[in-house]
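After this come two complexes, each holding subunit A, first together with subunit B and then together with subunit C.
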Partner chain A sequence: MTGAANHMDAIVIGAGHNGLVTAAYLAKAGLKVTVLEAAPQVGGAAVTREFVPGYKVSGVAHLLHGLHPGIARDLGLARHGLDLKAQRVATRSLLPGGRSFDVGPGSASTIAAISKADAEAYPAVMARLTRMADALAAYALHTPPRPDIGKMDWEGKLNLGRFAWGLRRLGKKDMLELTRILTMNVNDLANDYFESEAVKGLICFEGVLGLALGPRSPSTVFNLLYRLSGFGANGQGGFLIPKGGMGSVTAALAKAAQAAGAVIRTSAAVDHILVENDSAAGVVLSTGEEVRASCVVSNADPQRTALQLIGPRNLDTMFVSRIRHLRMNGCAAKIHLALDGLPEALISERSRIVVAPKPDDIERAYDCAKYGRVSDRPALELAIPSLSDPSLAPAGRHVASIVAQYCPYRLRATSVNEARRQIGERSLDVLEEVAPGLKKRVTAMEVLTPQDLETQFGMTGGQWHHGEITLDQVLFLRPVGQAQDYRMPVPGVYLCGAGAHPGGNVSGAPGYNAAREILKDVRTQKRVVGAA
Partner chain B sequence: MTAYVEHLKPFLRKTPFHERIEALMHGNHWMRWTGHYSPAAFESVQSEYFTIRNGASVYDISPLIKYRIHGRQAADYVNHLITRDLSKVKPMQAFYTSWCQDDGMLVEEGTIFRFGENDFLLNSAKDQLHWLEQVAYGFEVKIEEASNDLCGLSLQGPQSRDVLRALGINGIDHLPRFGIMELELGGHWLRVDRAGFTGDLGYEIWVKPQDALWLWDRLFEVGRDHKIAPIGAQALEIARIEAGFILIDVDYSGALHALRPSNRMSPYELGIGWTVNLNKPGYFVGKRALKREKEQGLSRYVLTGIEIEGRKPAPGSFLYADQAGKHELGLTTSACWSPTMKKNIAYARVPASYAKKGNQMWIEIWYQKEHKIERSMVRCWAANRMFYDPPRKSA
Partner chain C sequence: MQQSYDAIIIGGGHNGLTCAAYLAKGGEKDGKNKLKVLVLERREKVGGAAMSEEKFPGFIYSTCSYVCSLLRPEIFRFLDLPRHGLQVIPYEINSAPNPEGEGIIYYNDHDRTREALRRHSIRDAEAYDEYAMEISRHCRFIKRTLLMTPPDPTQINPFVQNRINPWGHREDLDGLLRIGREFGRLGERHMYDMIRFWSMSVADFLDQYFETPRWKGLAAASSIIGTALGPYSPGTAYVLLHHYMGEVDGQIGAWGFARGGMGSVSKAIASAAEEAGVEIRVNAEVEKVIVKDGKAVGVALKSGEEIYGKSIVSNADPKRTYLKLVDKGDLDTIDPDIHRYARNYKIRGSSGKLNIALDGLPDFAGLPKDAAYGTIDIGGDFDYIERAFDDYKYGSWSKRPFLDCVIPTTVDPTMAPPGKHFMSVFVQYVPYQLAEGPWTPEMKAQYEQDVLDTIEMHAPGFKKLVLHVQCRTPWDIENEVGMTEGNIFHGELTLDQLLFNRPFPGMGQYRGPFDNFYMCGSGTHPGGGVMGAPGANAATEMLKDFKRGVVQ
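And then the complex of A and B:
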């Protein structure tokens, strides 16, 4: 039949990590899958980016901790070139006056130099928090429960039961503690557990990273637990700096998908999803080309998916309103440095580095952002991937990858260009204090503000989780209530990106869950596959 | 001079017709309608009712909330908002329609006037601007509240056409039901549409506020030979029930205002499923839910008409399948004695299987007789809700 080449079982919009995971699982199940990616390369926000000739760095996401080991195993990512061994890094917090301390996993803790009590408390506290995070993360590879539990299928009920049992198994003390801290702010938590400002600062930083919230904002403990979930059985057990950059993860995923039979087309931007008879019929590319399929899976964020790809005219009003009102405020800038050498303090620094010496520093940095300004003194997370992977920079040279918080998406009186300049300069100023001599080593710098992340990577609001990870935007409320099962209201359209449960980080979990739900529909013949 | 506490002073607004209405009112029989003084009755509800059915009744409809909807994509927008197929409505036509929430529950029903391809006026009983704006996301459309731009009188009854003819409106004989015409009369701008809430021959006449008293005076001057008289809401209520029209807050709660989600009702449940066109091109708000409701038979009940034995009006009365009252079916909403039909009528929410015309049910009516409350359990029968439908309505 003519046009058969343009008639697929399933189309995946976007070759980000989750899109590739979904494509791989669908292809493995025997579906004819095409992945359509707007950029010239796969990866989405998990790419290796040559920002200056010869200098490569992970484009948006730069540390891997959430990649679900089950998915990596399922898809044989090791076979497809992903090497995650011996790339685990510890965290070093740099303090003013040349002081610093290290925490694991990945190296021995040196908190004792700061505070004996905290050194003693830290491992137990982190183990406890990780245990709780693990119990919560047990739901990562399940579809979130419906609010009306009675209408769930037996599998859903079983998952919910297991989840409850997992929480129960934490024991009475931990369960009570979890209910106490779940909605709390991370500053209060840090005060409960630790005495030194330095350790509290680090904990607070982990709690606010990726949020447009400060350490004293509610729900930041939940973000901390969310991030810690990658440290247990549902993640990589710590931070990894992937060899070859984050692009190596998505390259392996792309190979896995292709090996399973999926076709990946790059430089193929989707303009909108084709809706016929109120159901998905395919997509229309920006070139006008139509690709048809009765199953269209979007790896784009929920706002882009609903408001642009599907379009409000195919949707109900309250659904559109809830999607419009998602908090999608990016707050972090990504800074890439090309260095002709490293200053003393960083000379052999393979760790992930955090510059957030005390909670008040972060809170004040957030105060600026709250009122639409770039932080005067941003809090920073930094990695120097070229130390462990020299191929990322010319010989003897280095690259640094920095997440600078806060650089708000919603600016009040600052232009985007001004914000870009400010966050770059101010981040270097902060770094110079803890690593003197860094500034004069910088030969080139790239700054990506949330606006840049939006325009270059298609993430609405520059929010790298496709929607902030807060209690009101997770589980059965992700992306919004009654759309928690990866199905968009238009039959045949699915959401597989970070905007769906369980959320952001390079985990592959939303993509995996979406594929499972799609295949359920295929099996129950809700979606006619292969109808040409 | 009495010193009044500021917050105790009456704050209701007076419509541009107020002066004339007040002059004819016996007692102080006002009621509140969207923050306006509105007549409940003038002197005798009975005689006002018979004016509707035999003469030409005048009712001030200025308090209706009006929204002007215009802009490049106004037609697309209205079609997305409402459940009927807009493409079947031509400019200078009015039409009755429902509009729903995502899950197919009725926000409100009412009349929309189409003046041009992309020029509409929506009349509603409740404030809707927030909802209309929400639906507007993604459409190039402007929605403005225009409640005070025009004021209007509803002229209803078999002699209404004669009055308008006498007023000098040429072409009124050719105005079809739901048609709209605009004209100049004695230097005044007028809009006349053929619609109403009585189920009778009738028109609505809209003028600019400064022309209100002129219109009133002219109408009563030329209407003298046609039994013209003002009416209040109580007489209109009887005509409305006879005609089968539902009323918000009486027969249903608007989805945006219902206190309990389960109290919201769908167009199918309200017996106005005919306003839902599942086959019209494109999507409209609530379509998926309404389609599911229709295909899977999910309607919980239907608001049907019933005719009741005896003469006791039965608002808020329970219906049963059996005389013993063991098997409860539902509740009545609107109810009255129909003076024209000489029947005891009501609307009742009952499961669809009980709403088949002629189906016998039992109804429990409590009523007061001097100083006693008495109960009667009598028979009632499902009936077409449009109890009264004279040929002149659309002739």
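And then the complex of A and C:
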């Protein structure tokens, strides 16, 4: 038996934003919590890092749109240094030939220059979609229901009832429309509502971002709704570029967790979870050190948690097979640019920029990825955070942060090095067309392919949602059926990362839900804590 | 106003005829008030897309649909179709030739299939048991919903009345409870699997079980036939069930040929309908549905003749019904959204057809001779099919298409002269219109050539056997049969257009927006295939309305 110093009530593996949220809530409830992080700093995929001397950028996640306000309030993030004021940005879609249009807050929508009919339709359509998205998002802070309603506790039934009531409140028309569009592809949806290729292109981009699917693949409307639910008021709420980069969010979370009494140890990589008597007993670090606790919470993705940390030998084959077949192949690359100035098209461009002029452009980009190639012409999302936060780059210089889709994890004839070069070059080519002169401004570039995201951030497959947000992997199917309540099959092991319901984005909701379930087990004495 | 008929059915396809026969027979039970039913068919012959025609001397072609299995046994028995001349000959084999090695064979017999699989991969053979179990679980669940009016979950309040189906609420609740009970019987673990199955891509689903690429390609075939989706598209897995849902003579999962071609199916149903007292008029094209005060009262024929009836039933697809047969003005007074629903209804044609007269039996690469006695699926792995889909996406026919071939003359000698054969080739994917514009004769010739070349690759020497080819694009099928864009299912079978959402949200219970107006085609639940279920279900709903006096 190891000494009392090494015996905790709960261990959180990984100090990503969800791990920190869980740790903070557990610590607030009086548990003795240690967070073990493999990297030398906290944050996981939400970090601010210097990729060339003097230039700092948000690691993987670069825009914040889903952080749950309730969680931010509970943990007093503002007190701990998170500044979210006045940072909301609109979205601008850049089109070839110097044209563009804006949607979002602050700037009135300028779709009219592209199409009068679409300008008229857009606010109403987005308001309607957001209403539906909000009704669905009502489940974000609850544990997913079980399809066998009879087996649910009263609280689950109550939540389900409330959710059904929320759907009903949409009214019959919207409810029926929701049942129709839920499984549809975003290209068909865009065609139903809009006429201009440009607007359709933007909608399609929102629908496929983060998926290894194209606009014509069913289930992409769901992804659109998923993203809209975090966008805020009527899909027009816009995005946040937090001051100091995404790292400031996790830094605030870490402070909140520490203030509540959690201990955070960085550079402490967990090798595996210790299973004794078919239940969690602690973790073993890569140094061989044992840290014991009867409650182990993993912020790692489901595959890493089940296959590496718990190990297949402690799990039944069906569960292992389901976990192995999760759709978690990343399809997007992250590109960071150091710029010695901005081209004319991007000067004072505080918006989030999207380059996806036509649905078919995105579809063709996806076609390449289907067969394991890097897109010939990737679709791009770009932000220039240094415009609103000059501290990120030397004076007069800028950084740009780009998500380039698609760069598949499973490459066929291409090597990773080649893919890295290709996605970088091709993205710059696409950008050069809509923002001439950009290439000359680039002084340094960093490209992170899904493989790089996997090795540097520990996300299996480089999938930043810890598993794609598709209909077969959400709600009670996340990560897999019968493990949707944050409990892994080994008693005492919990999942608190984005691989659990409600999924990805920097929302903190999975972490919050996991903490609630853990505390429930503590209360009902299923997990004995405090017995050092 | 003269009201000479109780029901007028627009279109004499298999569903229209089934609906007519059910109505006429259903009314009979009441004894005295026998329903008077009229079927109006545009062409010179009933049958719609289930048709046999002699397009080349001595050869009978099943011009559109080509195999028989989905036809519900309940309908088969109720209408006593064998007595009306329908004979279905089951076949045993579904195979995929392989020019580079051994082909893949699937038998109806589970153990034979597993043995055949063992030649390719022992792992796959072992996984096949597990796979077949999961599939049959899904099938059992789905089959119970086929002959059922899909309940609408948005109107389960039994106290609120709605105009479209004033009696529906209690039934919706009952229906939902029935489905819920079935679902409950699955047990929790299988519940998750089922829900997941409904939203997965067929590629993801099969990857869980199998490793042999060509076997997976063959197994995936049934989930992309007639759809505008590729095997990597989510929501294609459940279409697999189409292949396993059928039965012939009580043999579940069996497929068969209708003796004398698919026209025999329509002929038998028509004969059953006429025996029950249904009047069938051919060469009578309906131009408009006459609507007065929100009530469908009759139809106007192209000839100028007007026929009035107590109820009007459309066997045409939803798009044709609501955009052509019905006036926009009439729709808009009820609800302007319906017109939008009709415009946005997904009914992309994605498949073509080649009917070929052959001088002899072709020899398929990597397959034994008796493979020709079943379905031959020419394709390859997922990528092969997905690439065929890619061509289609951007407005071209697949240069290397996926082909579903049958040679019914191997078991049915009535369709071709002795020693000669008729081969039906279903081509996936073919667009309704090309990116460059409408089909031209040159393009069509090129498409025909591409298909024949593909067969030749998988059956060397095939081209020398060809006597005559009837080549059809979705555009041809639309013009001949009247199905919008030549979509064989009257609308894509994607989840957003199934159950209570088929054809449109809120209209999934066979009733149209007008009083006394009904739908009975494949554009209603449970959808396409020569199944007859939509026709029978529509008739059941109508008879309820007649009994309650809703139709007057």
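To be clear about the criterion, the second predicted complex is superposed on the first by the 522 of 532 C-alpha atoms of A that agree within 3 Å, B and C clash if a C-alpha of one lies under 4 Å from a C-alpha of the other, contacts with A are read in each partner's own complex, and residues count from 1 in each chain.
The rule we apply is simple: contacts are C-beta pairs under 8 Å (C-beta built on N, C-alpha and C of every residue); 3 or more make two chains touch, one makes a residue touch a chain.
Only a predicted model underlies this, so the values are computations on that prediction, with no experimental measurement involved.
*Asks:* Which chain, subunit B or subunit C, ends up touching more residues of subunit A in the combined arrangement?
*Replies:* Greater contact footprint in residues on subunit A: C.
*Asks:* Using the superposition on chain A described above, determine whether A:W165 touches subunit B (first), subunit C (second), both, or neither.
*Replies:* In the superposition, A:W165 contacts neither subunit B nor subunit C.
*Asks:* A:F476 in the overlay: touching subunit B, subunit C, both, or neither? Say first, second, both or neither.
*Replies:* Touch status of A:F476: second partner only.
*Asks:* In the overlay, answer first, second, both or neither for which of subunit B and subunit C A:P489 touches.
*Replies:* Once the two structures are laid over each other on A, A:P489 reaches subunit B alone.
*Asks:* Does subunit B (first) or subunit C (second) touch A:D278, or do both, or does neither?
*Replies:* So A:D278 only meets subunit B here.
*Asks:* Now for A:R313: first (subunit B), second (subunit C), both, or neither, which partner does it touch?
*Replies:* Only subunit B; A:R313 stays clear of subunit C.
*Asks:* Now for A:K173: first (subunit B), second (subunit C), both, or neither, which partner does it touch?
*Replies:* After superposition on chain A, A:K173 lies in contact with subunit C alone.
*Asks:* Which partner chains sit in contact with A:Y371 here, subunit B, subunit C, both or neither? Use first/second/both/neither.
*Replies:* second
*Asks:* What residues on subunit A does subunit C touch that subunit B touches too?
*Replies:* 321
*Asks:* If you look only at subunit A, which of its residues touch subunit C in the complex?
*Replies:* Those in contact with subunit C are residues 146-148, 150-151, 172-173, 175-177, 179-185, 188, 191-192, 213, 216-219, 321, 325, 327, 360, 363, 367, 370-371, 470-472, 476-477, 480-482.
*Asks:* Can you check the complex and tell me which residues of subunit B touch subunit A?
*Replies:* Checking each residue of subunit B against subunit A gives 76, 80, 101-102, 131, 134-135, 137-139, 282-283, 285-289.
*Asks:* Using the touch rule from the top, collect the residues of subunit C that touch subunit A in their complex.
*Replies:* 153-155, 183-184, 188-189, 191-193, 195-196, 199-200, 204, 207-208, 229, 232-235, 337, 344, 346, 383, 386, 390, 393-394, 494-497, 500-501, 505-506
*Asks:* Considering the complex alone, what residue numbers of subunit A touch subunit B?
*Replies:* 275, 278, 307, 311-321, 324, 489
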